[in-house]
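See below for the structure under consideration.
Letters A, B, C and D mark the chains in the order given here, with residues in each chain numbered from 1 onward.
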Amino acid sequence: MIQIRDPVHGYIYANELEYNIIDSPVFQRLRKIRQLASAHLTYPGALHTRFEHCIGSMYLAKRAANHLKSQEIINEDMSNELSIAALLHDIGHGPFSHLFEEVLHEKGMTHENITDRIIRETEIADILSKFGINVKKFSNLCVGTSKNHPRFMNDIIAGFLSVDSMDYLLRDSYFSGVEYGKVDVHRIIDAYEIAGKKLAINKDSVYALESLMLARYEMFRAVYFHKSVRASAVMIIRAMNLSDEELHFTDLNNLDGFLQLTDERILYNISNINSNSENSKLAKKLVIDYTNRKMLKLVFEKIVLGKDKFSTKIFAQRKFRENLAEEIAEKSKIPKSHIFIDVSTATSVPTTSTKESFNEITVLLNKTRKKEFEITKATELPLMNAILGYMNIIRIYTTATYKKKLDTTVKGIFEKEVL
Amino acid sequence: MIQIRDPVHGYIYANELEYNIIDSPVFQRLRKIRQLASAHLTYPGALHTRFEHCIGSMYLAKRAANHLKSQEIINEDMSNELSIAALLHDIGHGPFSHLFEEVLHEKGMTHENITDRIIRETEIADILSKFGINVKKFSNLCVGTSKNHPRFMNDIIAGFLSVDSMDYLLRDSYFSGVEYGKVDVHRIIDAYEIAGKKLAINKDSVYALESLMLARYEMFRAVYFHKSVRASAVMIIRAMNLSDEELHFTDLNNLDGFLQLTDERILYNISNINSNSENSKLAKKLVIDYTNRKMLKLVFEKIVLGKDKFSTKIFAQRKFRENLAEEIAEKSKIPKSHIFIDVSTATSVPTTSTKESFNEITVLLNKTRKKEFEITKATELPLMNAILGYMNIIRIYTTATYKKKLDTTVKGIFEKEVL
Amino acid sequence: MIQIRDPVHGYIYANELEYNIIDSPVFQRLRKIRQLASAHLTYPGALHTRFEHCIGSMYLAKRAANHLKSQEIINEDMSNELSIAALLHDIGHGPFSHLFEEVLHEKGMTHENITDRIIRETEIADILSKFGINVKKFSNLCVGTSKNHPRFMNDIIAGFLSVDSMDYLLRDSYFSGVEYGKVDVHRIIDAYEIAGKKLAINKDSVYALESLMLARYEMFRAVYFHKSVRASAVMIIRAMNLSDEELHFTDLNNLDGFLQLTDERILYNISNINSNSENSKLAKKLVIDYTNRKMLKLVFEKIVLGKDKFSTKIFAQRKFRENLAEEIAEKSKIPKSHIFIDVSTATSVPTTSTKESFNEITVLLNKTRKKEFEITKATELPLMNAILGYMNIIRIYTTATYKKKLDTTVKGIFEKEVL
Amino acid sequence: MIQIRDPVHGYIYANELEYNIIDSPVFQRLRKIRQLASAHLTYPGALHTRFEHCIGSMYLAKRAANHLKSQEIINEDMSNELSIAALLHDIGHGPFSHLFEEVLHEKGMTHENITDRIIRETEIADILSKFGINVKKFSNLCVGTSKNHPRFMNDIIAGFLSVDSMDYLLRDSYFSGVEYGKVDVHRIIDAYEIAGKKLAINKDSVYALESLMLARYEMFRAVYFHKSVRASAVMIIRAMNLSDEELHFTDLNNLDGFLQLTDERILYNISNINSNSENSKLAKKLVIDYTNRKMLKLVFEKIVLGKDKFSTKIFAQRKFRENLAEEIAEKSKIPKSHIFIDVSTATSVPTTSTKESFNEITVLLNKTRKKEFEITKATELPLMNAILGYMNIIRIYTTATYKKKLDTTVKGIFEKEVL
């Protein structure tokens, strides 16, 4: 047993298997991937990394496992697997965490199986095997998609009620120094129930579920979707995107190469790029501006409440955003490359919990006299719906030079569009 | 300058006038009126009193006054008045705080002018006069209804964005030990603006307003409306109500008598009542049960979401609740005196902020280029509406003896009522 | 299992036996005995009671029991006994907690066996028996003097490293709102070792022991021995002492009578005393002054560092203090009854841990290769000694009337005494 | 006015001058110098940097300035200078903060005037001048050695009671997640007095001074001098030392070069060194081991309490340590380069406060009737002395390979030395 002092949870204990994983270079690499990517430029304390977050998630998974063991729902082996899966759930994260995911996403790619490959192809596999874990059967549990484990185990690793969610809310709040994001994790874990193989929450604790929802919502508003936080994020995303043809970040065939990438390394590589392509030059400029904190300027912002045709399109379709950027570029006589359209929805944040998965996973359980379940989808709760429908933000940024010019053009366009 | 160590705000400084008020017996009396009445039976730490709360509100009022002074909106005298008004805003509270208000309310009376009388008729008046305050003009500011002061000063003392609200959320959270109720008071106070004499909040900080709203909502769910907290509250309310004809608590003509009443004194007086009236005997029984923690049992609970005819009636009309209790009594063959219908709405909690006042007071300000205001009522924000429409709870309690018997009857009735 | 929300430790779980004890009137009585007696007049938040403290101590005892169980040092039954003993360790506390002890002490009496009698003679005995605990063998464990249990179990309940100490430091700090008293209880409990039947602490965690020592020292300086806190304490002690011949508080033969005494009841009884004896009248005056916050005034204060003849006498001998008071009275022409000599040492605070017991109990363990112990007495650590020798304070108070008069006399006397 | 959200102090406000400094590249560079160098390998949360620390110190300096202004001790200009000086006090820190200082120290060099040069020779000078500050007269205030300002202003910037000390204790505690280091900064600042131009502390708050002392002591024991923290620190120090002849880190003539150095850059440069010199190769090995977390192993540890000849020498004389290492190398047949003697005293930590300066600076003030001062040196307080004499630790580390071999040799040597 080794002991780790964590500012969020206090002492965290790791057994030999866990410690071996933590001590491996593949895992130690997470020390160089900041949990909130560029947010520390806005919230100076937010320097924490995926490393601490993964260990914190493991802690909560143990807590959850104890709860389920005491009710004889899972056995010791399953308990261990939960703990390890939580520890490894972010092992596949690339540089700048979710920003890298956004880059992949924009390219129509997915990082789904990087995690899987890292677990199967690196020293992690050896460590797991040595301690008697069947790597092949186990690996998908780490991303919450295992068919070899009951659905609720997947739900505990990934999804709205997951230990991942709870840890990042608490941790991001602590290091950012905001008052939001305080979640009563012990109350929620103690309210875990199993309903038809799925993770559910006891009806008596529905307010704890709401509280988690509210904490998450507040962190989105105050931190994750903060306009300055997104300004810096957009710069990094665009710079990675533009330099990719030169630097091949998204070439995931080369796993070793991927495992070398850290936040600092990306900045270094892009700022040392030596190419005449327009894309590369712009990427380089963005990274240098980022380093010198010459941030993009906001010219338009809109919180979308209802669901009209326009907003549905702009959130769902990359093509539509491309066209809009082109239209703006044309009307304003500004190069399209200096127009940044940012749409923030629940999917563009550090969580696997999309509105869809939220809809599916969370259920409310009511043990009636006949031992039947009364299941309510979380989205049927009025509060949930109000909040969920309130996290869509459209923003347009530009470089400082074009701020003024764009200001007027954009207003003209959007008055017409009745946004 | 004296210094008071407060667990919630740290050091609080009081000038001579403030200290004289704090040190007066009328104010010291607040040490014996618990902020959350009977809630400490459920949350053992919640032993805090109106005394600390009033001092904490004064602290926040000073903070707010500094903000407004730095913008030259108020002068030094107004700043002092804000501080004193916050300090005195609860001076008229009776024993068991808001439970006493509920008793008055049930009797169709109001405590509105007790505060006013205490400020004008006790040593408080002398102290204020000595320090140059015109008591007559000043007193209504303490309850937020002064015509001699700008509207926004009243709003700072009473209402949704008031220093009172912010202090009680933080304080109740701290002493109850729950994770909820954490409000970023400094952010909110720094976002205070004045729009057309009313207190408003800067648009950039609308999320801080939401956060306050959410914190309040969570405290309602977890603490103020907690089913056990209400069970004990209902006992005290009923006991005071029933014994009033004997003990004349609500006879406010006798101000000195009123100023002797404390939580403990009420319990002592009722438990020593010596009368053969049914009401008095039941009051005595309830207080003895309360003291021995034989709490009422919950037989029915419903959170009312929409607004149908039935729920509108039950929340608004005392008569309707009386009739319902009678109907239940008849059908279940249980004495009506053992049936307790509790309806919890925003008005039945420790705040002067009703939904109505909330609706009126809070506005959002947007300084447009032409220096005009763009005003939005808080209730027009979707999140606000969702939450506001979610705080209405109907509960039926009974004494332990009748729990079983009532269980079935009640279900029968409410299935019919399509609640 | 029931769940209690505690601001200090979070959720605390109680099993059926524990809950039965907590719910008994004898235990509920602790809700009316404030942990820090009169300290809330100085630190307004310090309203907490022995009730919460006992539950918190139980929580820590469970934590300690788990640590010892995991090392197979104790079994399940011993674990349960530890938990119950911690819960009951303060059940014998009288009104105003340690102030009542000081009154007994001044009378040369001891409350040692009240706890024992309460456990054996009230419903507590019935509850314990019902759950299979041998009351006779068990009761002394609650005060840390059981011969039927290993020494270390007694040490965990009472003494310097006890769960009692750790809970009161954390709790008094939380409710007073001071920055001191933060103890890393988990670190200390995890460092618990057994050396020759005694409770010891692992050498690697000696700094955690120091930290506990320092936290305790700081709480003494800032809270327990604060000059205003002691001023109010001295008034209550004297008032109880003087009124005892009339009101018989210290007549412990009548256990039922003792169990009726609460802080409020003492104040009520003394302030309603109707007697012509000088003592009773002075007692009454003191309580009325206390209620109106007309506190005693400090005229002399000295922190005693070394150990000269004078200081040894003043701290050890009540008679010597009596004579000193008489001398002062004579020289200053002030009635002796208005002179209050207060000597604060480690024994006059809410702990059973005297310097003696500290000396005995705490040892440091070093597992050498030959599995022998290397034992160091805590007092041999230089830091410990510095602190221990630094907690002796002499103060002289008087009533406001005589403040000026006494000021000069006292200085004269003490210049001579070379204090 | 801009606003910075700080997890330690809440909102921090910066005026235009302050913001211009913060936004300059020279200041932004501090974002890449960790406050606690390598400590995050032991305390994963300790990722904070000099950047946040400097802003936090500025916050406390403003707080202190307000205290002194309200007493009309300083004027507005002096107040501004205090704030800027606190902001800039660490601008001269090199990579790995105090570890770089230790390297300079071992070379008999001093970084004293780097700060001065940075303030005079970079854009900082331009910013200061633009806002009307006389750079030449001002710069030394930033390191607490200005002759152009009263002594107490220097004391507020550097030394035991400085805002620097208080910020780092709070901040290091927060990010490490330990329970220690909680300092009541507001109490201390409010107790600031001026006695004969020096910074002093009001006698009534001497316990706050003690508390600061104790907090600092505990942080030393638990964090700064933690054996694993020092193990990693020793590796970095030695690696910088050994590679210096190749990489010229300590060549401070080239200020621009110095300003490029960050923690990451040092690691990168050393691990890419390409040289055949023994020193360079060992430096490279140490950095690679560091990166792979192959830490040095502890073979000997001793806390030195008294002051014998041996310990005085080992702490004071680098030459003596060299000789000791040689002796050990010879006796154990281990290369000297694998023996690491680490002596930790108050000077080897992130503070300018040496025991000497502590001795000089801190005084206790007692305003006697004749308005004379009664001054006590802090070191005359028994508690202070006990603690100060308790912070000297000698440790010997070696690489994993030689651990066993050295274990026995070292014991032999030190038994003889009667350490």
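Note that in this section contacts are C-beta pairs under 8 Å (C-beta built on N, C-alpha and C of every residue); 3 or more make two chains touch, one makes a residue touch a chain.
No experiment lies behind these values; they were computed from the predicted model shown.
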Chain pair showing more contacts of the two, A-B and A-C: A-B
Distance-maximising chain from subunit A - centres being C-alpha averages: C
Euclidean distance of C-alpha centroids - subunit A vs subunit C, Å: 51
Inter-centroid spacing, subunit B versus subunit A (mean Cα positions, whole Å): 40
Residues within subunit C bordering two or more other chains: 10, 178, 187
Complex contacts: residues of subunit A adjacent to subunit D: 4-8, 10, 23, 25, 28, 31, 40, 43-45, 47-49, 51-52, 55, 174-178, 264, 292-293
Touch list for subunit C against partner subunit A, complex: 10-11, 186-187, 190
Subunit D residues within the subunit C interface of the complex: 178-180, 182-184, 187, 207, 210-211, 214, 217-218, 221-222, 305, 382-383, 385-387, 389-390
